[in-house]
Amino acid sequence: GEDKDTSKEKKDDGSYDLVNEGSLTFAASGLYKPFNFEEDGKLTGFDIEIGNAIAEKMGLKPNPVTNPFETIMQGLIGEKYDAIIGSMAYTKERAKHANFTEPYYYSGGMIFVSENNTEIKSVDDLKGKKIGVVAQSTYEEPAKTVSDNIQYYSSDVVALKDLTVADRLDAVITADIVGLEAIDNDFAIKGIGKPLWVEQPSIAVRPENDALRKEIDKALKEIIEDGTYDEISQKWFNRNLLDLDLEGVELLE
Amino acid sequence: MPDIFITLFEVFMRTYEGFLKAALITLELTAVAIVIGTLFGVMFALMKISQSKILQTIANLYITLIRGTPLIVQIMFLYYGITSIIVLSNFWAGAIALGIHNGAYIAEIFRGAIQGIDRGQQEASLAVGMNRRQAMRRIIFPQALRRAIPPLGNQFIITLKDSSLVYVIGVSELFGLANREAAASFQSFETFLVVGLYYLVLVLIFSGLLKWYENKLNVDK
Amino acid sequence: MPDIFITLFEVFMRTYEGFLKAALITLELTAVAIVIGTLFGVMFALMKISQSKILQTIANLYITLIRGTPLIVQIMFLYYGITSIIVLSNFWAGAIALGIHNGAYIAEIFRGAIQGIDRGQQEASLAVGMNRRQAMRRIIFPQALRRAIPPLGNQFIITLKDSSLVYVIGVSELFGLANREAAASFQSFETFLVVGLYYLVLVLIFSGLLKWYENKLNVDK
Amino acid sequence: MLTGKNIHKSFDDLEVLKGIDIDVEAGEVVVLIGVSGSGKSTLLRCMNFLEMLDEGEITVDGRKVNHKKDDLSKVRAEVGMVFQHFNLFPHKTVLENVAEAPIIVKKINKKQAEKEAYAILEKVGLSDKADVYPGKLSGGQKQRVAIARALAMEPKALLFDEPTSALDPELVGEVLQVMQDLANEGMTMVVVTHEMKFAKEVADRIIMLDEGRIIEDAKPEIFFNHSENERTRQFLEMVDV
Amino acid sequence: MLTGKNIHKSFDDLEVLKGIDIDVEAGEVVVLIGVSGSGKSTLLRCMNFLEMLDEGEITVDGRKVNHKKDDLSKVRAEVGMVFQHFNLFPHKTVLENVAEAPIIVKKINKKQAEKEAYAILEKVGLSDKADVYPGKLSGGQKQRVAIARALAMEPKALLFDEPTSALDPELVGEVLQVMQDLANEGMTMVVVTHEMKFAKEVADRIIMLDEGRIIEDAKPEIFFNHSENERTRQFLEMVDV
């Protein structure tokens, strides 16, 4: 990215600031397959394609970039990029620092354990167990409510890998899709039951740039309506991620 | 200006319980890493000054590999490497990674200390009938160890700081906790300032002890 | 056994284009950090050897703070500090953080080099009518610089490795890319091994250059 | 020309100069002798303001030097100094060593300064070494360059602190010769040396320092042959004239 | 008792010993002299197996030593050595210095070893320093401890490499006295020294080394007064007997 002397003032005329003129620069950790990851040196995944589609709808050039999840909010505030489109879920706390669009998918939080684990069959079996979660993920809170023996990670892959090592970790709570991807990559783990918590990944922008949020929301709605969204979702997951039965699950925020 | 101090104080009061525990973990990590590093270090130093070309080559390889790559890459690599062989908690995986890293630097400390001992000591030992092994164990090494303590103390301080990197494999030491605190409270600036102070205090304490010991050593001479 | 080599080769072939670019970024980061660090280093070295107690205190404070805290904490702290003041790209934020960190170490290099110049040089300069500033600029410093080059080269190598840490603020250098590669391919072990080799090769190249320069210096003498 | 009055100088608890009065006339060559530690170097360094006085004053060419108010570097340039260990600038060629101060202190333009430097090098017999670095010179050549460097500032007086005692014996002669030539041309000089032959033949006066005091100040023929001072006679025996 | 036959030794390209034959009988005191670099130390070190021979052989007490097969540390213990720079173990007390080798090499129990060590220290007049660290001793005392340390292994012969040349002159006497006592008790000794008085009075034979060869081997009275060797006479002039 280039240095840019953009003013932080709110604009009322509906125009918005962009870090790079004519481009929508958006960030993801790049460590979250299949949502955002690198292939052949290029960022790809569900999040990225959604971002690309939104940018195109807005008549902008898509410019996906990576930033570690630990510092991704700060990068937004520090004007390194215009938006976070990196499976960051809306929470009340985060909403104090950034403005969020409508969710662009629902994600089910699922419990994963080692393939050989026969002890843990439901969330009730998690009491007092050692649970791994990615620090600052939305699953940190549910994990805390069932156990106080929490192990924090900065990457899901590291956490899930630890499940395969006896005695290191009893369970990991993360997005079902991420765990299933790891299983596809021969991780000796399994998911327990159905998603219990649902988070709402949304797109974050700087608060003073709310005009941009409005435009993104509009574009998001358009790609959902014209079928682009469904096409992308089907391509990656063989289903539409927004089609979720929200009955009986806890919406995390 | 006072504003920032008030915030800092708040952050400090809110976090000190967690940070004190995390500081303990940092110290434990450091201590274990130094112990492991010292074992490795002594072993590879002895290999490096041995007569055997093979042992020398192994030691050189180890030292070159460790000194030629970043610690964080070593941590990741060993983490995934160790994981596929033996079962370790994250703490121990981290401590061992730091220990193996330290080993290369400590090997050089010991090699220097051993080679710094006057050759006459070895000759006098042989002349009274000791073999090389006895001379090393009873005469050379004890003297080298005494000399190695100041640089080892320095390595301890370096390790104390380096231990911050094992946060990547999920050890809840000072920096790992700071990261979570910062993200949770969105007071990143203040949190990292506070955790920096924890490190600073620890480093200053150990630097002080080290200076004191060095002075004592100089007086003893 | 050959299995792992085949996988490694595959990983290498799949990633080398990206890694070569990332290696370039690593080198650029390192170079910029050393340049910034040298500017800081010279400034603080001069402050430390100045007559002014205030300047000395400032320099000591800076050096103590930097040497007393982990680099990764400094990176985070500066990142949050800098971003709230000016807008910088990640590359420049990282390079500046590394540069400020380096400054403390380079300051000690220069202080050592300056104080290592024979006092007679200063006296001779004064005796022919130069003032202190002229003596420093024209006589002492140029000689100190020449002496500082080997330890600066060493610092360059340390920085090359340290630059891996700015991945936390999203710079796409070698380690950052390796992280993403590992997450995408789930081949962590192999990826970190490969990226370790990139660092190793870079470090060995620069160590070689450094040795060559030192030998040349010795021959010139 | 160069006078010191009641010079006192201590290092910490050690009083090195205990009230020295010295007066060097224009064109005079004064040789300063004394045992090691008697304060010879310190006195020279005080006269060139490399050391601050604790007490007393120094007058250069009739002008009293005020340590606080005067720009000492200006005054220093008027009194050149030649050191035992030469202290040439190793990163500069012989010509640059000589031309450096005129260029940056006197702000003479480079061409002109180098021309003059070359002329001075010719005088000390080293014009053929102008482009060589000091590292390649013998000790005697180095010291001659150091003298040239001091001369380039056109000083009113030159101080020499044991200029030949770091030299191999066979190289002492060439340096003493240059010094003798300077003396003959009327340069005001104060020379600390153990070369008694030089003292006898070249000095106008010999001053003997002992424990920070001047204990004898006499013409050479009197100093060497008729001194009534016990310490002087001891010293002369020691240096084996 | 201690014999060397045709000893050759080179360091890289430098041949230091060029075929030495030496035969020391039981109870004999041999003084080895020669200019610096003539190979004296190297010869001693070969006789104690601190250096490997390139050629030739060494016999201790009638037994030929095989460098490859024998445990050299065992053989070394039979031939003690005293060094110019003492080489005491600084981290051990005087008593420990003496008792160390008997304990760990001969596996004598600690109590017994210390008792014997104490007795030996008494013999060299240092029993009162038993618990002191070497750092606190004078050079002469250090060397006497070094001799005690060598004696503790009950060697069949003792080699001394310039045992007094690192000592201040006033401390030389006490060490020579201890050596003379040992000689009187019948210890077999080979001594490299420049102390001609000691050589004259104590040696049974004097061997002169020159450029790696023995050029003279004679009783002291003949060596000092009637040597026909040109180099020996030069050497004697040099050391100023």
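Should a chain be cited, it is by its letter among A, B, C, D and E, assigned in written order, with residues numbered from 1 in that chain.
Following the convention adopted for this analysis, contacts are C-beta pairs under 8 Å (C-beta built on N, C-alpha and C of every residue); 3 or more make two chains touch, one makes a residue touch a chain.
Remember, predicted model here, so these are calculated numbers, not experimental data.
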Via touching chains, chain D connects to chain E in a minimum step count of 3
Relative to chain B, the most remote chain by C-alpha centroid is chain D
Chain-centre distance (mean CA atoms) for chain B and chain D, in whole Å, is 55
Averaging C-alpha coordinates per chain, one finds the centres of chain C and chain D separated by a number of Å equal to 46
Chain A to chain B, mean C-alpha position gap in Å, rounds to 37
Residue ranges of chain A touching at least 2 other chains are 70, 74, 158, 161
Each of the following residues of chain E touches two or more other chains, namely none
Residues of chain C that touch two or more other chains sit at 76, 80, 84, 179, 182, 188
Inter-chain touches occur between A-B, A-C, B-C, B-E, C-D
The chain B residues in contact with chain C across the complex are 64-65, 67-74, 76-77, 80-81, 84, 161-162, 164-165, 175, 178-179, 182, 188-189, 192-193, 195-196, 199-200, 203-204, 207
In their shared complex, chain A is touched by residues of chain C numbered 14-15, 17-18, 21, 76, 79-80, 83-84, 87-90, 92-93, 167-170, 172, 176-177, 179-184, 186, 188
Per the touch rule, the chain D residues reaching chain C in their complex are 48, 50, 71, 73-74, 76-77, 80-81, 83, 85, 87-91, 100-101, 104-106, 135, 146, 149-150, 152-153
Given the complex, residues on chain A that touch chain C span 1-6, 27, 30-33, 37-41, 65-68, 70-72, 74-75, 77-80, 155, 157-158, 161, 182, 185-187
Per the touch rule above, chain C residues touching chain D in the complex are 118, 120-121, 123-131, 134, 138-139, 142-143, 146, 221
